[in-house]
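Each in structure tokens, the structures are laid out below.
Two complexes come next, and they have one chain in common, chain A, joined by chain B in the first and chain C in the second.
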Partner chain A sequence: MRARPSRQALLYLGVVLTCGVLLFPIYWLVITALSPADSLHHLPPKFWPDVPQWGIFREIIEQRPIPLWLGNSILAALGSVGISMFVSVFAGYSLSRFRLRGGPSLGLFILTAKMLPATLLVIPLFGIFRQLGLIGSLWSIILAHATLIVPFSTWMLKGYFDTIPRELEQAAMVDGCSPLGAMFRVILPVATPGLAATALYGFVLSWSDYAYARTFLTNAQTNWTANLGITTMKGEYITNWNQISAAAVLVALPIIVIYLFLERHLVGGLTAGAEK
Partner chain B sequence: MNQHRTIAPSFTPRSAPARRTFGLDLARPSRRHWLGYLLLAPAVLLIALIIIYPLFVSVDMSFQNVGLVRLGAPRRPFTTINYERLITSPEFWMACWVTFKLIVVVTIACFVLGVGTGLLVNNKFRGRAIARLFVALPWAVPEIVAVVIFAWIFDSSFGLMNWFFIKLGLVNTTINWFSDPTAAFAAVAVTMVWKGYPFVSIMTLAGLQSIPEDFYNAARVDGANAWQRFINITLPCLMPVLGVTMVLTILWVFRDFSIIYVLTGGGPLRATQTLSIMTYEQAFSFFKMGYASAVGVVTLILCVIASRLMVGRSAESIY
Partner chain C sequence: MAGIRIEHVTKSYGPLAVLKDFNLDITDGEFVVFVGPSGCGKSTMLKILAGLEEATSGRVLIGDREVTDLAPGDRDIAMVFQNYALYPHLTVARNMGFGLKMRGTPAAEIDRRVKDAARILGVEHLLDRRPRALSGGQRQRVALGRAIVREPQAFLMDEPLSNLDAKLRVHMRAEISALHKRLGVTTIYVTHDQIEAMTMADRIVIMRDGEIQQIAAPDAMFAEPANLFVAGFIGSPGMNFLKSKLTMGSGAGTVSLYGQDVKLALPAEPLKALDGREVILGLRPEHITEGNSPVTFTVSPRLVESLGSEKYVYCDIPEANRTDIARAAGVDDERGDAQIARLINAGDIALGRPVQLGFDPARLHVFDAETGRAVR
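Let's look at the complex of A and B:
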């Protein structure tokens, strides 16, 4: 279909306007971070700072233990994604390849688990972790984040395994591979993009959590995650908006980078179940 | 007999020698499904420990008059007092009403924006790959960061929104976004819509791509115009995807904690206190864990009912 030039121009205009309005809050966050503190307390607002204050990032890192917070977030994400991937690779493969008694109902239960409100689960987990002495330790949120990731990753991986033809394993087994060997040597290598996308999505889930960190880690300042740390920079009466914005940029950056590089895979995973 | 039927037929090894090559002989069909269970075991164990058991504990707690949770402590006597208190508490019904309002407002706005942007960037133009990437970018912004952005935009003294409203002549004095109940609700809704619409556009785009081009060509041959093609092909083909998306969006609003909690804390005057926030507040501000569990259990039941009602029997096939 040849599009008429005027229609094309209109389309561009529409796209640019829509993106402009919808992405403005992100732009405003970055501009706020780079503005000098006193210019934020003037109206009308400046939509471009005269001199971008790049030093703000050094300033907040000197004032607050932001590298520590980011490090804790990374540790929590690595831990919870590691545990979740370990169990859900096997479970997803099993749900995809074997017809087990109870398999479908387990699958359905896992789906229902995705509906659990974190605010409901956080209460018993608080009790359990207190009993185990885990409150204040990163292990508490590693386990809690696994409750978010496992239901999701098991289904996403099952979806990926479903797209890999069974003939691959059959061929491997005819050649003398054991079923487990076929899984490890043939299917997992083929599924690597799917595994990576699932792991990254799990990373995003863990990185974005606030409820669990707020509940389990509030009294353990050295174990604060980035999200929890940021919220403490928001004061009751006075907030240094340029500082908190700069910190927020640092927290958002890893996820945005992941998104930009893996959008296709993430979208594939998000929509995997929905299209059938 | 039955065992053989439970195994995927395509898994049956074709050649007898292949069976003999490994020690445990897992390839034999009768053993094969044990492998399936074995692979499932770690996940089942983990889910049992960190999801099912805590869920059981909270249901159990909702039937006891407990403050702080003590697992080792002897069980308090069974009581339904938490649920009775719940039903008679105006706070609970208020939270239900706030949750309902928020769901309606946020879901409708997310769909208008999400389906709109999805349709827009589905057009053919140069650079649409990048446009697609950017149109859904807020999806990648963590909720807490979105809260920081909008808390600043809605700041009552130097926020952009007040300046903008006054500039447009909509209001004369600055609005105190976080101390006026209606304004606070609006601020929460705007933040949630901004964070929630990209998911709808992502799903819409995926749905649009699964519609075969042939459908449109056939309609063109029959002389259907663009609007007719949209109504008769695009919309019906999108419906299943949009149905699931709607359920997921509603569930997200139902359960969301961080946006509301950090932005308004459920206030002012509980105007933004949803069931999720109420659960958390009761548990960790007032330490009424039994009562909070009851609220949480009711929330969960409402979630399940809502999603069942909307997707009905097709739920299983869609997932």
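Let's look at the complex of A and C:
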């Protein structure tokens, strides 16, 4: 089937428009960060500042413990992704491979956990964490984020394992592996792209959280995550939008870098066999 | 190397009985083919042998060792899968050496044995590649290589050729046979293709709905099929089936085919029980000849297919002789109202022009119409 030129042009127009809509807020964020604080309320708006204020980044880093916040965000994300992956790899693999009594409904039940809004879960989690003495500790959001990530990553991984033929494990078992050995020596290496995509997805979920951090960490400044920290930069009477935007750019950067770094794993399918 | 013994193996998935009392003795070095239509339980039996599925009941012995409850890796067998199941993340060399590595074989010896196997299969130049960089035929060889490198007690192969194109399939068929001659390892080979079974097997085990229909050497199975199913499954094109009433005359059975009384060559004794009843007569397409024969009949061809050296002549079966048994045991959707003659070096045969065909009654197979069992 060959599309006619006019249809192609229309398609391209659609893609360009979509990208425009998606990218404009990011572009505007960058513009806001680089513009002088007093030029933000100008009409008509400027689409590129006359003198980009690159110094803004140094300025906010000197004023606020942004590296600390970023570090906390990274720790929280790594911790919650680590726990989630450990749980989900086994759960997803079992759901994919074993016929359990009630297996399908169990799988669906896991998903319903995700259908509840985070704000609803915050209250019981707060109670639990207070009893455990975790309020104010990074562990509170690591665990809370894990409860968000596990349902999704379990299903993503189940879907990925479903695409791997069972004969691979069977071959490994005939070759002398135990069932667990077959999973670790054959299935997980083969599933690397799926594992990477799932881990990244979980990372983003944790990274973008605000509600849990706001609830569990507000009284522990040294454990603030980046998202929580940024919101404290908004003053009651005066807000330096350029500073907040600059901080937001810094928070977005790690995710973009990770995407660029993992891209070939995410889209390349099984890169392991692709060379030569 | 070792023989294999399967004793009273059954397998059920819930209420579905997939294998019903499977018994088989395989001698050391034998090449046994399980053949049957898709879904008849061949793969299930093979997986039970491999330890990948648990039998519902029964025992499996490899050599003198009962392996019924052993893990696949402890059974000392190698398996070749239809989709090859090569490890995508490992090179060819590591794919082939994986089983040895799992058993703790020293690296130098793995290396030597992988190279030996690669030489036998002609894949030495591919050892550093990953499976995805191989063609279908090359993957097939690597999968075979992975099996032979381990020097196991037995090879289990589940439709290993069905992902290859027709030409390569014929070629690999011969190679696997040659490999078996060379290594002499007991092999169980599963296929739905009766030609593979006929050409490769020392013995064929033909199955249907989880039951063994017959166990015999290829030629014996072709010459003396045990029942209608086997008769229709083995041979291509499949056997022609005709229906008739059997009457016992003076010491011999007589049936009526093409409006003629045909005296059966079978001894009277086994036929007596069927006196006055319906029987199915089987006649292989290649046993129908052009021109003079002990029994001749004239037909108008409905379709003539020429393969150059031979012609398939399709013609109608008289109403009285028609059966509703599909040819080739329902594998092809050929109807029971036509018969095929396979004529070698036939003369000019044209559509609609009457032609005289014939056969020797000694070639007729007789089946009990009720049970489908061969009478002999």
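Here is the rule we use: the second predicted complex is superposed on the first by the 229 of 276 C-alpha atoms of A that agree within 3 Å, B and C clash if a C-alpha of one lies under 4 Å from a C-alpha of the other, contacts with A are read in each partner's own complex, and residues count from 1 in each chain.
Just so it is clear, a residue touches a chain if its C-beta (ideal position, glycine included) is under 8 Å from a C-beta of that chain, and two chains touch if they have at least 3 such contacts.
Remember, predicted model here, so these are calculated numbers, not experimental data.
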item: First (chain B), second (chain C), both or neither touched by A:L168; value: second
item: Touched partner set for A:P5, first chain B, second chain C, both or neither; value: neither
item: Chain B versus chain C as contact partner of A:G176, first or second or both or neither; value: both
item: Touched partner set for A:P189, first chain B, second chain C, both or neither; value: second
item: First, second, both or neither for A:A252, with chain B first and chain C second; value: first
item: Residues of chain A that lie at the interface with chain B and also at the interface with chain C; value: 170, 173-176, 178, 181, 270, 273-276
item: Residues of chain A touching chain B in the complex; value: 1, 3, 8, 11-12, 14-15, 18-19, 22-23, 25-26, 28-29, 32, 40-45, 83, 86-88, 90-91, 93-95, 97-101, 103, 106, 108-113, 115-128, 130-131, 143-144, 146-147, 150-151, 154-155, 166, 169-170, 173-176, 178-181, 204, 207-211, 214-215, 227, 230-231, 234, 239, 241, 244-245, 248, 251-252, 255-256, 258-260, 263, 267, 270-271, 273-276
item: Complex interface listing, chain B residues touching chain A; value: 6-8, 10-11, 13-15, 18, 21-22, 24, 26-27, 32-33, 35-37, 39-40, 42-47, 50-51, 53-55, 57-58, 61, 69-72, 113, 116-117, 120-121, 123-125, 128, 131-153, 155, 157-158, 160, 163, 167, 194, 197, 199, 202-203, 205-207, 210, 240-241, 244-245, 251, 254-255, 257-258, 261-262, 275-277, 279-280, 283-284, 289, 292-293, 296-297, 299-300, 303-304, 307, 316-319
item: Residues of chain C touching chain A in the complex; value: 47, 50-52, 71-73, 77-79, 81-83, 85-89, 98-99, 102-103, 128-133, 146, 150
item: List of chain A residues in touch with chain C within their complex; value: 165, 167-168, 170-178, 181, 186, 189-190, 192, 270, 272-276
